[in-house]
Amino acid sequence: TGGGSGNDGGGTDSNGDGTTTGGSDDVTTIEIWRWPHSTEPSNTGEDEIVELFNEGPGAEQGIHVEQVKNPFGDHQTKVKTAIGSKSAPDIAWTFTQQYYDFAGKDRSTIEEEAPYVYIDDYVSDDWLGDFYEKELSNQRTKFGGVVGAPFISGLQPGLLYLNVDAWEAAGLGEVPTDSWSYEEYLEAVEAIHGVEANGSMVNGVGIGLKDATGSEWSNFPGTIGVTAGSLIGNGYQRQDDKYVLTMASDPELEAWNEMFGKPLANGWTNNPLSYDYLETQEPFIGGQIGLLHHATFSRVQFGQEADFNWEIVPYPTKGGNENYSVFSAGAGVLVTMTAFKEEVGGNPEAAAEFIKFRNNARNQYRWFNTSSQAIPNKGSYELMNSEGVSDFVEQTGGKDIMARADAAYSEYQSVREAIKSRYPDIKTTSGGAPVTDVPSGIASGRVGEALGGMLQRLAQNGNSNPQEAFTQAEGQWADLIVQADDTEFAEESRGYNKPEPKAGPI
Amino acid sequence: MTSDSEQESAIYASERSDTRSFSLDSLSLSQQEFIEGWLFVLPKIAILLFVIGFPMAFGIYLSFTESTLLNLPGEFVGLENYQWLVNYPVWWTSVKNVLIMSAVKIPTNIFFSFTAALLLREKLKGSNLYRIAFIVPVAGPPVIWAIVWRLMLFSNEGGIANAILLELGAISQYIPFLTNVTYALPSVIMSQIWSFGLSMLIYMAALSGLPSSVMESASMDGANKYQKVRYIIWPLMKPTTLFLVVIQLIEVTKVGFASVFVMTGGGPLNSTMVPSFLVYELAFRYNEFGHASAVAVGMFLITAFIALVLYKPLQSNAEYYQ
Amino acid sequence: MSGRHDTIFEEPDTTQGRIERLGAHAYLFVIALLTAGPYLLMVSISLMGNGWSPVVPPKLIPEAMSLQNYIAVWAGQTALLDQPFSGFFINSLIYAMGATLIVLVVDTLAGYAFARLEFAGRDIGFLAVIATLMISPMILFVPLYTWFNQFGLVNTRIGVILPHTFTGFGVFLMRQFIKTLPSDLEDAALIDGCSRFGVFWRVVIPMMKPALVTLGIITFITVWNSFLWPLVLARDSALYNLPVALGFFQGRTSTLWAPLMAATAITLVPMVILFISMQKYYVRGFTIGGIKG
Amino acid sequence: MGQLSLEHITKEFGDGENHVVAVDDLNIDIEDGEFLILVGPSGCGKSTTLRMIAGLEPPTKGDIVLNGTPVTQRKPKDRNMAMVFQSYALYPHMTARENMSFGLKMTTEMPAKEIDERVKNASRLMGIEDLLEKKPGELSGGQQQRVALGRAIVRDPEVFLMDEPLSNLDAKLRTTMRTELQDLQQDLDVTTIYVTHDQTEAMTMGDRIAILNDGELQQIGTPAECYQEPANQFVAGFIGSPSMNFFDTTLGDGALSTDDFTVTLPESVKAELSGHDSEFVLGIRPEEILSGDEAVDHPDSFSIEVNVVEPLGDVTYLYTEFGGSEVTISVDRNTEINPGDQVTVALPAAEIHVFDRDTGNALVTQAKPTGEEYQTDEMTASETTEA
Amino acid sequence: MGQLSLEHITKEFGDGENHVVAVDDLNIDIEDGEFLILVGPSGCGKSTTLRMIAGLEPPTKGDIVLNGTPVTQRKPKDRNMAMVFQSYALYPHMTARENMSFGLKMTTEMPAKEIDERVKNASRLMGIEDLLEKKPGELSGGQQQRVALGRAIVRDPEVFLMDEPLSNLDAKLRTTMRTELQDLQQDLDVTTIYVTHDQTEAMTMGDRIAILNDGELQQIGTPAECYQEPANQFVAGFIGSPSMNFFDTTLGDGALSTDDFTVTLPESVKAELSGHDSEFVLGIRPEEILSGDEAVDHPDSFSIEVNVVEPLGDVTYLYTEFGGSEVTISVDRNTEINPGDQVTVALPAAEIHVFDRDTGNALVTQAKPTGEEYQTDEMTASETTEA
């Protein structure tokens, strides 16, 4: 038997690092650390795949997988403690950028320093080929390779949740089905604010801004800029390797003001600092939010728990230009399965075996049927189309979302070209992807502090003088880039509207 | 001492040791006591050294290094982290917040616990229910206290407290208790001042030790209720009060962690940051272990300083209790 | 002797006395509402349907009471947690009892020596033990984890228990208590032929029952309520204690309030009962340790 | 002005199983300026009585009358009495000065200057002027006692109540304080009720002694009366140290006798005892037993063996056993007797006390001490209540 | 067999400011079977001495020699001594029987049966056979004391050490236990060292008394010696109750005198005092001061005013002041003197003690008590050490 599998839960193997090679028939036990899904049957689906592996390929290769579940809020603490003391699990669910500051570093440096391995060393190109290019190229631009196997889509295809009952109570008429304009959006937000629906008082739009340091907030201001014509977000890396910050610019600011700034200034929001981004789900489920910018996975939970009619509506955009809606809006964060290096206690070989299994097209598809979550795997999408989906997915509208995700992913190529045409000095990866990531990872938890602080300040003071706030925050960020050893900052991009934003249709 | 008797005692000693497998009898009495003493404290010292000796030394060492999650310990940088600390505004915010917390929490805690103990001493009907009500918050983990109060103040539009206040007509508009830089710290503190149950019990114990003849003397001397409390009971409770102040000064930092961790995450805008949470954040959010260690050492020094400063008056006031 | 002038209020059968008592009740009631009110709410919510969420206005009183949350939590049938809560309960018990046992043995031994024996290095040793009271655990996480890992103590019950046993509180308490005991008995036992340990075991320990209960209760409650050490040292959720397991109800995207409240009640109620029934001992810990220094 | 009467004072505590009658229908009149000593065994109700007088404890029944006015329902502060506690009950957080002035500050509007003056006077009287700025913790037992007295004096009360005020002091200090207290009371001439269970204090300090037992008054009278004419066996045994020796005797042939000895009774005593059963308790104080040369000539003399000899320096006690009792004999300090010696003793009829065996009431007492002479005094029946 | 010697025993505690010499170069030889009493004021080192003998405290210097063998470095259990504590120190969780057998079980291989036998004997001796199954909490003070003694006896030690064993008992019980203890010690004939600060115990119980002050031995001798021939003023003041009266006097004209009185000295005394300064301390015991009729005829008589009269029943004390000192006079119990009376007194030269004013050493003592007669005894210089 494997070390630890004979234990009645009273502690695993004597190495304590979760990995044992030995036992009479040479079984390697590996640990995967995850947090529980808040909806069912996702957890069951997860367990099933692990079981399948243990019985099938695992048994053949002498690998046994054990799952360890951590409360979500404590997961990161635990993983970091384990990494810091060189006894990391073999695999963990992570937001990769939270564990290592990759900014400005090339692959060989990262390979040497980061706690996790490049999964592309362990899998075939073929296997990787099943994933949507965007998720991979995203990683490639940051890390120079793929460090985590994506399994929940990081692309949030412009999802805006609508409390239909509140909409109707506000007498707003038809629910929008096509892209709509900022003006219409703001009118709706104002109209919804304060109506009563289903016994709840409703706020116009939900916005979660708690926690100045959360790394989510480094994405938050930059990602909605797309809806106003900025295709870059916070900034990019130039061909001369210097970083350019574009956050403090007209399109970004405009998008911010329309989506959140004005509602904040007018009090058409819920209490923004009460929640972080993820927590805004709760008041939406409670029926207290009319419109909510949120991620694809929320849908499943809303479907299971909300007691009112809700729908997903298209994103409002500048002038109602539907093109803008397809790309990212909302703070999408990619969840990956990360395999840890032997130096910090992992067993990447065995881990990779499991990851290959868990995240191949077939099993992603299998899991999709139990979770109804958008997944970044186009092979799976093909299976969905060819083999159909489960009743659960049908009920929760997972297939539609997947279709939207697929569409968004497939438009990625054209967006890429548009970016390159707008910013001729932008650096591109060998695969031709423009590098639109600026350092916002770990040591720059401080970036989160700067941007989160800015957002909190704006929420606190009713969005007063956002331009200055954006400019100042960008300046702080720039300073961090300057101070960091590995990165250089393009000083000429410091300040508002520098460089000149060049907006326009794709 | 004659050589004869020396011999005799040596013989005596060897006789005794013959009958036992091991004997300390050849040592002098104080040598024996030395060995016995260390044998007695050995298990504790061993646990202490084993469990935290190394980690503690390592932690202190980290504060002199530039360490990150993946680089433990990192390069030795001398006092750089402390220099950084002194110039780090969030650290000072956190220190200021702890001071404010103490400045509010401790007097209110003393006030509530003292008055409650005084009133419960009057053997009112239902005293036991009150007592249970006051004890509940301190019996369980601080985490629970924080969760429960977060629910009161926080989730949902302004929290249950708001809903109730609104319902009662006490307010006309939601108060953003935990989400406004003005209200957040007061709210966090407010949620904590109800955990005075242990202090109350300690006051009750002290009050029951109050010599009744002194109280009776005061009666004979013609002191009225207020005067008895003001001039007799309260001054006599001084050692207890001081003791409680010290306990809480040390405790504030710990309880502060749970509240801040659960309720505000230090925000908004660091307005509720406390040193213990700052350590956590630096280490586990920013991965800055060197900085985190410096903060931890700073915290240790502050706590030790407080304890040292207050130890003397505490001890010298113990005399009332003889 | 306690006559009526020991207390402050007038006799209850006078008008004045009645007014005084009424005022006291009013005051105490309001504070009681603020200390225990949130907990009553907690219990109330735990008895509602598992979909309770903080809507506006919030539902505070259950329409139909049900124990379903307790049953679901206890059996491990909630979305975020598929492990039975009974397991965490048992873990909490094991940690609390294990740590209590170690602390009682080790701290009593050390407390005795620090109180009674004269040996070189005693004062330094005592100071070192006391200094542990001021350590913040946060910074010890990683070093301690690393260190324990080398001995295979991570993710073991003993590993979770150990960090709860280094604190100097118990030693201090025991030392202070022993100092209040007459040393004559120990002298008598020495003359009667006991070894030092014999004295400790046969004479000191039997006299220390109240102090042992006190230290036992305080340790038990502290360890039961402990959050950070079990969180870090138990890698496997099968080894979590109750406070850590509470985290499971706060998921990535939402909090399961009703089950969380039920779980909270399960964690809290035993301690409240223990605390209330043992408060005399509990409080004595602080009075011996603190005031009669 | 401090004429105090206790009228049928009764105090009961608890109910059911715990019911205790601490004080049982007590009647005492105390003159203005009188120094009354309250004695009795532990738990007999001394403190309770005092506390009722002070107003610290309401009586279950009866009235306390001060200068003709009932004060039973008054609060302690309105009775104008001061109390000195066994534990001193000084306020530990106040200096001696503050302790002494506290009562005046609380009850009067007296200007600070006058209070100061009074404190100064009282402290001069008590010889504690140098200690005024010290806190009780810094004072010795005797000094604390003085401050406690000073605190009582300063208020210039009508009645002093003192509950074993000296019992926490060591023997030497006690002796000193005893005389000081007496002097003080004589100087101030304030009615004083003084609880003690110390023999010496009881015998020497007061004008009268009231002896309580089980909440009931046994006797009240001057120390000499109580010593010489105890009203009953309880008082006889309680007052005097070493205690009176008691023997169970039978009356016959005009004599009280045990197996070991006979006491031939004078006529007057015989008359007194007639009409009772023939069983009596005979009592005689250790110093009244004749021994050695004095005894040889006595017609009722007999011989005993001495068990223990205790030369105390100024007096020597012999311990022996006869007549079925352990007996103490007090002899001259220069007597040369050793343990085991045979000694001739006699119980002079003139010095004996006789008690009813059932009720314990005194039938024969010794109204006047008669020294060494063998002469018969007149018997005085005790004047007071019975047990 | 329990011949014990203390050889230059010294004990120091603490350093720096806290440094205390608790016992200072003490030399005492105690005979086998002797009953030695250790007295002295509080803190003089009595307990420390006892504890060093028991082995509970190592001496700083010096040796403890038992039957010729130094035992200084032996553990308490290896010294074959038994100790009885002021607090009894009974193990509260064991029955009386277990308390008594504990020592035997710990130190010997004795079979249970024999232990039982011994316990039975000891308890018979102490009269506590019925109490053997009770725990200390269920026993009265006197019973506990007996068990504590029983526990000591049962071990059949060579030396008994007793540290104020009776001080927690009430006065009556103390008297009883005192005699019992004496009897017991005589029966067992075991070397006993007994610490007390009770005058009566000191005077009556032992063969010899050793008086300590400030850690130094003041005098060692029989009770009578110490009473009559105190080696110095300290001993004179310490032994005897009430204390000896002292006066600062000047020698002149063959008499010691103060402003108030003169004591004409016999030749022998004069001779003794010659060669010293003219300042002396004169001491006289309360019972040796002549008063009333006895004094009138005395050539050195003078008159005083009595401040306080304390009739204790068996004896009466007068308190007064003359010669610059507060003075106690012991008079017959039947004396009729009232406070304020003028009384004639005299200090008979035959009864006086004279001390060097600087060293306090005795120059003239009273080797033999002489009762009431005016005759001059020979002066005996004290035999022992000086303070």
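A, B, C, D and E label the chains in the order they appear, each numbered from 1.
Note that in this section contacts are C-beta pairs under 8 Å (C-beta built on N, C-alpha and C of every residue); 3 or more make two chains touch, one makes a residue touch a chain.
Note that the structure is a prediction, hence the values are computed from the model and not measured.
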Minimal step count in the chain contact network, subunit A to subunit B: 1
Pair of chains whose C-beta contact count is the highest in the structure: B-C
Centroid spacing, where centroids are CA-atom means, of subunit C and subunit E in whole angstrom: 55
For subunit B paired with subunit E, centre-to-centre distance based on mean C-alpha positions, whole Å: 53
Rounded Å distance, subunit A centre to subunit E centre (Cα mean): 93
Subunit B and subunit C, separation of their C-alpha mean positions in angstrom: 14
Multi-chain contact residues (two or more partners), subunit C: 1, 3, 5, 53-57, 141-143, 146, 246, 255
Residues of subunit A whose C-beta touches two or more other chains: 77, 81, 84, 201, 279, 282-283, 286, 288
Two or more partner chains touched - positions in subunit B: 30, 72, 155-157, 216, 219, 280, 283, 289
In the complex, subunit D residues that touch subunit E: 171-172, 175, 179, 182-183, 199-200, 203-204, 223-224, 227, 239-243, 285-287, 307-315, 319, 330, 333-334, 369, 371
Touching residues on subunit E, where the partner in the complex is subunit C: 51, 54-56, 75-77, 79, 81-83, 85-87, 89-93, 102-103, 106-107, 151, 155
Subunit B-touching residues of subunit E, taken from the complex the two chains share: 55, 58, 63, 65, 68-71, 73-75, 78
Contact set on subunit A toward subunit C in their complex: 9-12, 14-18, 31, 35-40, 43, 68-74, 77-78, 81-82, 84-87, 89, 199-201, 278-279, 281-283, 285-288, 297-298, 301, 305, 307
Interfacial residue positions of subunit C with respect to subunit A in the complex: 51, 53-57, 79-83, 87, 141-143, 145-146, 148-149, 152-157, 159, 231-232, 235-239, 244-248, 250-256
